[in-house]
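The following pair of complexes shares a single chain, subunit A, combined with subunit B in the former and subunit C in the latter.
== the complex of A and B ==
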């Protein structure tokens, strides 16, 4: 075997193998991830005429976002809604993560798992279940009627902005709990012992040591929540009805009923830019902390 | 922090308790309604007595069962494909030049970091460009793209923990590269591979937002359920959801225990 493999030949084989490795490992992601993303960005500059996509470059799709219909106002409303969910969920998740963190190590795992378990329940079933809980004749209204808390079913519970808010907050809560808890878990135990030895009250330790150290986790949880809620188009459709027209729904409808791929792509580029901005802002807020 | 602080603990406990109620309400409602159906007698709401009718009806609902089997096929094929790719990417990352490895890693992670709606529509447009009709193949490709990062991440963490000394020892002792992979590296990676694949399977099985873009007439369970729920609701869905949840809960706990066992080693 060694006789036939002259150094030159082995070099060529190695070169060939390395080339194949690069081709597979860089080529596949390029083909299935980067090119599709580039292609929808390209489509956003094309023209739609009489239902046909023409390869004429135009900025009309982007202009439509700013000038036509209600795209811009729906966009701003959706950003507002997602920010609201993010703020509430991060606050709740920080409290929940702290609660888990303050248990004994044995209990921590169990409690964390019970907060993560709902993630494994079918997403679509959860949305539907939330819808049936919030409905006008839903479980929540019936329960409150039964308890005598209200005389009339509250109509605004379902098919409203509130309904979307509640559904998104419930669906995406675990995504914020996990990163915040993991950040807390990384704090060395002797830091906390030092706090206590130096006379800090639990609240002081929390404010001056624990929460600042948990900031990367809090930022990650905020970014996850924002990205997921901003891009979700099924939840608003199922619990929001005609009231809940969010930006994600508008984008999706351009690829379904409305069938305007160039406009849909342009709106999707704006959606993507918004999420990238959110990531950048979170990163920036962390970096500034380092400098200080 | 570990000092006693009863007020703080009570407050945090209250939030955590409310959080658990909110998270489990949809699950419990679904489970309860699968055994006790809601009946309406002259406008007033009541529960029918315990029955397993929805579970029996489920066995006869061909539409749901067909979608369920499609989902199982898609999740199995795509998580196994993701496993092979993730292994390849992980080995590439630890062996290739740093810059190339990082470039690969960014590309691999992208679909998981971007909103699913972006991944879905970009694949839809790409499939259209190459004239690939929507069907099982497009669903599987989309799922692989989405779940490879999960498996890759678990495998890479384990691989980097291993370090290079085991590989070097094996090669020094005269094992070939293939033998080293087969008898030294893969057995060490096994816990990571299993938990990664199970997680990928679960994600693929439930994937909804990307699949909506790339599915054709033969579609997965979440999409079929979504379509069914728009016209009305059948009690079988509650039964099915309860069964699926119990299965996934069991698998999740298995993954969790396995990862904890892996950490202890």
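== the complex of A and C ==
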């Protein structure tokens, strides 16, 4: 006969197991999320002197954001761009999600998957294909030339603010379509039947039932788009050229080119604070949500 | 008189499956009509066709003499109480109830006034500001009813609305539904698979099975005089005894069975003598004589006695009808207290309590 588990020993083992569980619950997010973020928050208060990072606490990095160079104006421009992209992206995604929602269940899956396909592709490939579409000898210009809509290629399609705008809006479409579609999918089928039964036209049902119930998905899609757009520094660089100096690129250049980690960290903290604000605003708009 | 609604020889198929096969149903004004059938009988399809959620493949759907087939759901003068109520969870009770008026563009003040009236009617006067998620099943049921009656439809369709409620609430809602229907004077078309519910509520019951109408009539008529084996066994319990019709004398029929000649009665036209028939006898109508000296009736042995509260259900085996179990329902009083499995009894019934059915072809 093996060793008997005395009640006391079992108690101790349970306690140990529970303790370990709690430690993991708290420890994993701490290790992988909180500490890395805190580390650059800490760095943002350090001082850079003659290319050396000194552990002298200072607010100079944050002051620089408001007073020096074009940090603040680029920040505001990027907020504006991100809001525009978010608006267009969410409007498009809502239309697409509604389109998918109205197909037969089998078609829905197919169409949804084809819209999700870009998620499985490399980011770089996507940006390059957008470049090849927008370029001077790109698909769009060639097509418009061929149709006789324009006499000569439009150069401003690439390496412009418009290019960044189009690229970002296309790139982050799947991130908005998915949550919006999932919200639509959760609407009980008989709600639409009830609307019609009560005399509502399809448009009235859309206004009163479908869109209000899709709101959490729309908010999630908007937050995703805004955060991803706001922090993106590769797309603006690749399709925006010199025109595409966004806030993300400034942060990146502080770590890369300028090797000013404290300032870079301070700007990153501001970026983080902005995205957190976006999340908070989205959450606020959903406060009146009623769980069934 | 022209019926309010007429399903004229309506057929419906899903792919190769024929769900409704030439159904003919009329609904009169102010009537409480129940469509009763097991699951898969096509009863929900009938409701969905009336409501406009399903098209039809044959026949016509007439409302006051007008063909409704091309009229979309939102223009039909009917409202539906859905099985799971389909209350919009993002709207308050008042918003839910007033929605039918809102989409018709009525002024806000009028909507508020009507909503208050209707909520009073269903006994939810003060709960307009609540959200449906915070209400009990019975209250949600009333909200669904209020939402359906506010537009003063000519007909309300109810899709097994009581099936989600517990027994006690169910009985309470049955009484409420019935009284509401009388007060409003709107025709109710009620779908259920629960025969007791159908009997308790309806002015008229239509029994459907496998996409066809088995029988229709007042509850008491259907219960006392089932005409098909399906109706006889679906509406309450019945002992069915097969035989061949020997002779007909007015209402009185004589049937040759394995247990000899037995008498039954028939309302309406009797089947042709010589045809295969069934005798249907309700368990509560079977006479039981435990006196060893008794000589009347068929000898039988008690196989089982089940106590059901107010009643006992006794199962008998009789050598005269091999293979058949005769069910007998009795009040659980002193007369049956001594009955034990194995006891010998004699059984019988009055000819008036034996209904004659045409056997299934």
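Just so it is clear, the second predicted complex is superposed on the first by the 259 of 292 C-alpha atoms of A that agree within 3 Å, B and C clash if a C-alpha of one lies under 4 Å from a C-alpha of the other, contacts with A are read in each partner's own complex, and residues count from 1 in each chain.
The rule is simple: contacts are C-beta pairs under 8 Å (C-beta built on N, C-alpha and C of every residue); 3 or more make two chains touch, one makes a residue touch a chain.
Here the structure is a predicted model, which means the values were calculated and not measured.
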Partner chain(s) touched by A:194 [first = subunit B, second = subunit C, both, neither]: second
If touched residues of subunit A are counted for subunit B and for subunit C, the larger one: B
First (subunit B), second (subunit C), both or neither touched by A:23: neither
Contacts of A:56 with subunit B and subunit C, given as first, second, both or neither: neither
Which of subunit B and subunit C A:95 touches, first, second, both or neither: first
Partner chain in contact with A:15 - subunit B first, subunit C second, else both or neither: neither
Contact residues of subunit A, present in both the subunit B and the subunit C interface: 193, 195-196, 201, 209
Residue ranges of subunit A in contact with subunit C within the complex: 188, 190-191, 193-201, 204, 208-209, 212-213, 289-292
Subunit C residues within the subunit A interface of the complex: 51-53, 72-75, 78-80, 82, 84, 86, 88-90, 99-100, 102-104, 131-133, 147, 151
Touching residues on subunit A, where the partner in the complex is subunit B: 21-22, 24-26, 28-30, 32-37, 39-40, 43, 92, 95-96, 98-102, 109, 111, 113-118, 120-126, 128-130, 132-133, 137, 139, 142, 169-170, 173-174, 177, 189, 192-193, 195-196, 201-203, 205-206, 209-210, 227-228, 230-234, 238, 248, 251-252, 255, 261, 264-265, 268, 271-272, 275, 279
Complex contact set, residues of subunit B against subunit A: 1-5, 8-9, 11-13, 15-16, 19-20, 22-27, 29-30, 33, 45, 85, 88-89, 92, 96, 100, 103-104, 107-108, 110-111, 113-118, 121-126, 129, 141, 144-145, 202, 206, 208-209, 212-213, 221-222, 225-226, 229, 233, 237, 241, 244-245, 248-249, 251-253, 256, 260
